[in-house]
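Shared chain: chain A. Partners: chain B in the first complex, chain C in the second.
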Partner chain A sequence: MDRLVVIGRDELPRKVVLGAGESLRLTVVVPQGVSADIDFTAELTGPGADLDLAGVFVPAGSDTVRIRTLVRHLSGSCRSNQLFRGVADGQSQVSFNGLIYVQRDAQKTEAYQSCNTLLLNEGARVETDPQLEIYADDVVCSHGAAIGYLSEDELFYMRSRGIPFEQARRLQILSFLSPVLSRLPEEYYSLIAF
Partner chain B sequence: MIMNEVLLDIKGLHASVEGKEILHGVDLQIRRGEVHAVMGPNGAGKSTLSAVLTGRPGYEVTAGSVRFAGADLLAMSPEERSWAGLFLSFQYPIEIPGVSMTNFLKAAVSARRKAAGLPDLSAGEFLSLVKQKMALLKMKPEFAKREVNVGFSGGEKKRGEIFQMAMLEPVLSILDETDSGLDVDALKIVADGVNSLKTPQTSSIIITHYHKLLEYIVPDVVHVLKDGVIVKTGGKELADRIEAEGFEGIDG
Partner chain C sequence: MDEALKEITSKQYKEGFVTDVEQEYVPKGLSEQIIRQISAIKQEPEWLLEFRLDAFRKWQKMTPPTWGHLDLPEIDFQDIIYYAAPKKDSERPKEIDPALQETFDKLGIPLSEREVLAGVKSKVAVDAVFDSVSVTTTFRKVLAEKGIIFCSFSEAVREHPDLVRKYLATVVPSGDNFYAALNSAVFSDGSFCYIPKGVKCPMDLSSYFRINASGTGQFERTLIVADEGSQVSYMEGCTAPMRDEHQLHAAVVEIIVEAGADVRYSTVQNWYPGDENGRGGILNLVTKRGICRGEGAHLSWTQVETGSAITWKYPSTILKGDNSSSEFYSVALTNNYQQADTGTKMIHLGRGTKSRIVSKGISAGHSQNSYRGLVRMNSGAAGARNYSQCDSLLIGSLCGAHTFPVIQNACPGAIVEHEATTSKISEDQLFYCNQRGIAPEEAVGLIVNGYAKEVLSRLPMEFAVEAQKLLSVSLEGSIG
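Moving on, here comes the complex of A and B:
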C-alpha cells in the first residue's frame, strides 16, 4: 500500500501492524508553518513484511517538529527503511527520536534509518537521537543522523553558472530533500515553499 | 564587436587565501579571439587566479584591478560575472543530487537571458538547444537527464563542463586543469568541443601543468606562472620548451 500523509490535513495512524507479506510505503510531509508532534509505531509481525517510511519537514519561524518512531521487528525476514530529510530555518526546533527494535528470534532482519537535517539559520535547533536495540544476530541494520549546513562549494558552482544566489539556495534545498521529494507528486512541492 | 579588442585586462593582481598571499602581482592581457595557456608547477597560484576571476568566496583581492569587456570584474558577484560572459570549467565539478543537468541548465540559461533583457526560452526551444549542443559535442541524449555530476566518471564530468560551456556561450572561458584525470580519448573529445566553440569574438584561458592538452587546443600565447607571478610569456614554443625542460629553468 502506498500512502501520503500531510500533517495538518491528514491523520497519521499512531500504529500500524504489517503481517506476513504486507507492505506499506508511507510518506509524511510536514508543511512549512505547521508544527508537528509525530508519534509513530510500526510492528512487523510476519515474514516478508516491508515498511518503507519517508518524511520531509521544513520548519521555519517558531515551528516545532517532534518526530518519534518505533519500528519493531517481531518476525524474521522483514525489512524496514526510514528516511527523513529536513531543513530548519528561523528559530525552529526539531527533535528526532527513532528506535529500531529487533526481537531475539527475528533473524534475517533488514532495518535502516537515516535522518539528515540542514540548518539554515543559527537560531534553529536540531536534536537527533537514533537508536538500535537488536537481540538477533543475523541482521543487517544501520542508522545515521547528520546535521549540516548548505555547501558553499555547491552554492558557488551554481552561481558561477549564472543562477542567482536566492535561486541557487532553493535549488540546493530541493537537492538535499530530493530523496524524499522524489516520492511526491510535484504539486506537493508548494507545501515545502522553497 | 571589434576583434583584437582587449577582453580581459589584469593589472598588478595580488590575492590572498586565509591571510596568506598567493598572487604577488599578476599582469595579463587577453584580446578577443585569443587562446592563452597559463602553465606552472603545483602551488604556483593557477587555481587561485581562476578562483579570483570567477569570484569564489574565500579569496581576497588585496591589490590590483581586473577589467572584463571594459567593466570592473572584481566588483561583480559570481552570477553577474557569468551573465557578463565569463565561464569556469571546474577542476573538480560539484555533484548536485536530485537536480538533472537539464533543470540545472534551464535555471542558468533563464537567469542569463533575464539579465540580458531577453525573453525566456519555451520548454521546446530550450530542449532543442540542448539537443543541438549535445550533438555538437557528440554526447548521448540521456546525459541531460542525469543528475548533475552524480555518478559521472572523471571524463564525463569534464565533458559535462564543456557541455555547460556550450549551453552558456561564454565570451571568456577558463578551463582549470580540464585535462587532469582524462585519458587521451577523453582529452581529444574535450579539446574538439572547445575548438568547435571557438569564435573570433571569444577567448579562453587554459590552465594546465601538462603540455598534452595544448597539442589539441593550440594556444596563441603561453604564460608561465611561478610563485604567484608570471615569469615568462611567449608563444606555443614556450610550452614545447617546458615539455622538454620542465619549469625549473624558466624564470623571468
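Moving on, here comes the complex of A and C:
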C-alpha cells in the first residue's frame, strides 16, 4: 500500500500493524508554517512484513516539529526503512526521536533509519536521538544521523557558473531533500516553499 | 560455529585471588561520623572535610539515576565499608609490605624501579592503589626533576594543597550526579598528577587499582592537570578478587587540559565480571570528565571495558578552548550476565572544536551492551565538527546490543554526523578463515580483534597486548 500524509490536511495513524507479507510505503510531509507533533508506531508481526517510511519537514519562523517513531520488529524476516530529511530555518525547533526495537528471536531482520537535517539560521535548534534496541543476533541494522549546514563550496561552484545566489541555495536544498521529495507528485513541491 | 564460540576459551578470571594481609577498617555504614573518621585517618585539612560534608549533604537529597539500560541491583549504602587499608608495619613504616609487593608482582605491575631500569619491564611510573590507600608511587624523583608531580591523592593534599584546592571539583562538581556526590563525600585514594608548562612527560604514567577486602567499596579520586603546552600519556588498570557478592566501585576522574596541552588517557578495565550465572562482580559506576580549557588543547580517551558485572561510565570532554579537540575510542565486551551502559559526551563550546567518537560493542552470552552518548554544539561553536561511529557485534541469540545517541545542534556553522551498525560474525567470515586452515575458535578471536583494531591500535604498546589477550579470554563460555 502506498500512502501520502500531509500534516495539517490528513490524519496520520498513530499505530500500524503489518502482518505476514504486508507492506506499507508511507510518506509524511510537514509543510512550511505547520507545527507538527508526530507520534508513530509500526509493529511488524509476521514474516515478510515491509515498512518503508519517509518524511520531510521544512520548519521556519517559530515552527516546532517533533517526531517520534517506534518500529517494533516482533517477527523475524521483516524489513523496515526510515528516511527523514529536514531543513530548519528561522527560530524553529526540531526534535527527532526514532527507536528501532528488534525482539529476541526476530532473526533475519533488516532495519535502517536515517535522519539528516540542515540548519539554516542561528536561532534554529535541532535535536536528534536515533536509537537501536536489539535482542537478536542475526540482524542487519543501521542508523545514521547528521546535522549540518549548506556547503559554501557547492554554493561557490554554482555561483561561479552564473547561477544567482537565491537559486543556487534553492537547488542545494532541493538536492538535499530529494531522496524524500522524489517520492512525491510534483504538485506537492509547493508545500515546501523553497 | 556454536561449539567454536563455546570453546573459545575456558580460562578463569586469573586475577581473582585474595591477598591475605591484616587490614584496618572503619565501621560499616555511611554517616557524617564515618566521613569525619575517614578525614581524620587521612589527617586532612579542614577545607577538605567541609568539601566532603557538603557533598554528603547533597548526596542525601539525591536519588540514584535510573535512565541507564541496566538492571541494577538495589545497593544498600549502609552495608558497605567505606575505608579499608592494609596495616602498616609499625617498625618499618616506609617499606612496602612483602605480601602487597607479591600481589602486584603477580598482577604484573612493576613496583620496583630497578626492574624497569634494567629493561625487564617497560618504562612506566606506577601509582598502585590497594583498597583505600596508595601503596607506593614509583619514579617520583625522576619526574620531580622535570617539575612533574605524580603521587597519591592523599599526599597531594598534604604536600600541594594549593594545587589540589584550585582544581578539585572544577570539572565534576560535588553535586554532579548521585555517584559523583557519593565519591566526593567518601573518596579515599587515587592519583594526582600535575605536568608544568611546556613539559613533555618522559614516561607513561599509570595507576593500578586493586580491590582486595570483602564488603568494601572503592572510591578513588584522580585529578590530572596538564598545564599549557605540556604532554602526558596516562594509563589506568584495575582488578578485583572473585566473590559472590557485588562490590561497589564509584570513582571520579577529572582532567584539566590547558592551552596547547595534550593528554592521552587509556583504561583497560578488568574488574571481576561475576560468574557465568551472573553472581557477584563489581558494580562499576564512575564519572570521568575532562575539560579542554585553552586554545588547541587535546584530550583523548581510549577504553577497553571487559570486566565488571555492571558498567555505567561516560568519559566526557568539554571543548571550551577554540580549536581544541577530543577523541573517544572504546571497546566494550560483555559476556554471561554482564551489563554495560557506556559512551561519551562531547560538549562543543569553542569555535573550530573537533571531536571523534569510535565505539565498538561486543555482546555475548546473556549480556546487554549499550552505547549512550551526547554530542552538543552550542550556538558559539562555529566551524565545529563531530563524527561518531558506533558498531555493535552480537555473538549468540540471547544477548542484546543497543545504541542511544543524542545529537543536539544549535549552531548553523557546525556539523555533526552519527552512524551506527549492528551485525553478527557471519558464517562467510568464519568459513573464509576455516578454509585457510584457521581453527574456528582462533578465527572468532581473530575476527573480534580485527573488529576492535581501530581502538586497540590507539593504546600504548604494553596495554594493547594485554587488551588483545583480554578480548579473547573474556569471551569464555559464550554460547553461540
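Heads up, the rule we're going with is that the second predicted complex is superposed on the first by the 194 of 194 C-alpha atoms of A that agree within 3 Å, B and C clash if a C-alpha of one lies under 4 Å from a C-alpha of the other, contacts with A are read in each partner's own complex, and residues count from 1 in each chain.
Operating definition for what follows: a residue touches a chain if its C-beta (ideal position, glycine included) is under 8 Å from a C-beta of that chain, and two chains touch if they have at least 3 such contacts.
Every value quoted in this text rests on a predicted model; they were computed, and no experiment measured them.
Peer 1: Aligned on chain A, chain B and chain C: do they clash or fit?
Peer 2: Aligned through their shared chain, the two binders fit side by side on chain A.
Peer 1: Based on the superposed arrangement, let me know which partner A:Pro179 touches: chain B (first), chain C (second), both, or neither?
Peer 2: A:Pro179 contacts chain B only, not chain C.
Peer 1: Applying the document's definition of touch, where does A:Ser62 land relative to chain B and chain C: first, second, both, or neither?
Peer 2: After superposing on A, A:Ser62 lies clear of both chain B and chain C.
Peer 1: Spot which of chain B and chain C makes contact with more residues of chain A, would you?
Peer 2: Of chain B and chain C, the partner in contact with more residues of chain A is C.
Peer 1: First (chain B), second (chain C), both or neither: which does A:Ser190 touch?
Peer 2: neither
Peer 1: Using only C-alpha atoms, work out how near chain B sits to chain C after the chain A superposition, in angstrom.
Peer 2: Least C-alpha distance: 14 Å.
Peer 1: If you lay the two complexes on top of each other, which residues of chain A touch chain B in one and chain C in the other?
Peer 2: Shared contact residues on chain A: none.
Peer 1: Under the stated contact criterion, what part of chain B meets chain A in this complex?
Peer 2: Contacts found on chain B: 54-58, 77-79, 81-83, 87-88, 90, 93-94, 96-99, 104-105, 107-109, 111-112, 115, 164, 168.
Peer 1: Along chain C, where are the residues that touch chain A in the complex?
Peer 2: 69, 377, 379, 392, 394-424
Peer 1: Tell me, which parts of chain A touch chain C in their complex?
Peer 2: Contact set of chain A toward chain C: 104-105, 107, 117, 119-122, 124-149.
Peer 1: Taking the touch rule as given, give the residues of chain A at its contact with chain B in the complex, in rising order.
Peer 2: Going through chain A, the ones touching chain B are 151-154, 156-165, 167-168, 171-172, 174-179, 181-182.
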